[in-house]
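Once you've had a glance at the structure underneath, I'll fire off some questions.
We just call them A, B and C in the order they show up, numbering each chain from 1.
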């Protein structure tokens, strides 16, 4: 009986963290737009960089690492809450990956005239996106909660091992394949002010991710607690 | 250890015997392969793209999709009459079950590839004999890579609502490394490039195989009811 | 709650089994013990957890709590080490007959049994398969694919498979379901013979008419627990009444 109120409190806390994160993102973006100098060759479009890169960091590394770690923990400890954390992170990670895959082409089209560039970050995110999608589809395809958690944990772990291989494969192709010289996203030296903005945006996005994760996880716990109460009552 | 291999072998032999009797999956995979090869060959403009440039990609699309088609049979076989329970009831270890299933799948996919390769050489007019040794090595390594992961995934996919589609969705991200590195190496082999040039890809593929064979074997038991 | 033949060591001893699936508690504190030659019939409505109980006994499911212990074969003495989680040794001691045949329709009867004999690491798989087929009267059909068998013959072959490795305990999950009169009679005769061979058996069913005569002990399972458990001491009518009472109480 204590599960529901505690989950509701967690939901509120998650909401607060999320709001803080969102505010942080907004503040950093104001700084990016107004107080950071414009980049010489790319102009205003380069401001997308401050969304694109930190989103990739969250999606590729932070969110998926959480999925991987909590998948392993779930298989070892069998606590359903661990599974809820992993799946919440997968959902939130998918959102950030979507942002990467949208901002990337927009940036590419505006600055270099091509929608898609097979650059390392975009390609890696694309394949990671396939893993995220597979995770979400798998989750929706299994009804029994215990089996669903187990299957997703297995996929989560396999995906976690795949991430370094995605990077290595992409790297191998980039270094051993001549690529059009035009593509140098994110490689220009960053003068101090831009670097600070970029690093702040990493922090802001991380906080935002944490808020989204906390809220999503709390919501999942609440749903589970309500279902448990219903099941207990009907027995 | 010996017992595990003996059990795995018994399971693989049983799977292959069943497949040999019914032949449906094998024939479907072959038909699919022939179809893809014919369509690709027919659809391209011979003056625009040299076949040697296109050939490796076509070969690997064919191999990987025909392979995934065949993967569903592994655990699909056990759904009938809940035969999987019979396997789980026995003292056979879960590792033996996974190895046996993977082995049967490897033989299955390997057989499809063995027939598809000469067909491919025919349609695309690519001389294979000089590079056959290294080519077979590349094909073998890539096949081990995607069949191992695919066998693990099919153990889960077979219990979900979407069945075959689910398997494809699950396996797709894991095809990147085996298929792209194999296609790249195949292209270099067709161009008779020296080994040193494509050795880095071979190392990556071998590392992938080792990493995933180990992980899949370890994790397999979690895909079974407990 | 325990019921055991006096003096002889228990062949099967179960204590405090519990298992939950998500929010559903399928087993709540199940315990009993059986001596050699004793058979337990478990009656209960659908959803009582009977199949879950059997799957735990068969080593297919790991219980959340409780133990399943096996004694010496056919009462020869000796108690196997307590195993909370099922392992290969546990699975060697049991044979399961379910309403699914667990057989491969594409293989012949002989091939099916030889395959299982190999999995159980029996010394001479083909010979063991032949003996098992003779035991259920199917040796003439050894070379025929299972797809050509009638339901009754499939059930007999399934019994042969379950007995292949000479298990200590035979588990039966709704074995009579889907059988016509004749096949059911054949099955009953077969089970009667096994009982006279002092096989220890656990049979679960929702149909109290089947299996009562085979049992030395009867349990009524409702909502994951035994509402009653004891030696068989009444006739069909008496048990029907008890069953109705037990299910009404909970439902």
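Just so it is clear, a contact is a pair of C-beta atoms (placed from the backbone, for glycine too) under 8 Å apart; a residue touches a chain by one contact, two chains touch by 3 or more.
Treat the numbers as computed from the prediction; the structure is a model and nothing was measured.
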Seminar exercise, completed: A correct list of chains touching both chain A and chain C reads B
Exercise. Of the chains present, which has its C-alpha mean closest to the combined C-alpha mean?
Worked result: B
Seminar exercise, completed: Distance in whole angstrom between the CA centres of chain A and chain C is 50
Exercise. How many angstrom between the C-alpha centroids of chain C and chain B?
Worked result: 40
Seminar exercise, completed: Note: chain B sits from chain A at a C-alpha centroid distance in Å of 31
Exercise. Considering chain B alone, which of its residues make contact with at least two other chains?
Worked result: 225
Problem set entry | Residues within chain C bordering two or more other chains | none
Problem set entry | chain C-touching residues of chain A, taken from the complex the two chains share | 144-146, 227-228, 231-232, 235
For this session: In the complex, go through chain C and note every residue touching chain A.
Result: 21-25, 223
For this session: Under the touch definition given earlier, write down the residues of chain A that touch chain B in their complex.
Result: 75, 127-128, 130-131, 133-134, 137-138, 141-142, 147, 150-151, 153-155, 157-159, 161-162, 165-166, 168-169, 172-173, 176
Seminar exercise, completed: Per the touch rule above, chain B residues touching chain A in the complex are 149, 152, 156, 159-162, 166, 169-170, 172-174, 176-177, 180-181, 184, 200-201, 204, 207-208, 211-212, 215-216, 219, 222-223, 225
For this session: Going by the contact rule at the top, pick out the chain B residues touching chain C in the complex.
Result: 3, 6-7, 10-11, 14, 17-18, 21-22, 77, 80-83, 85-93, 225-226
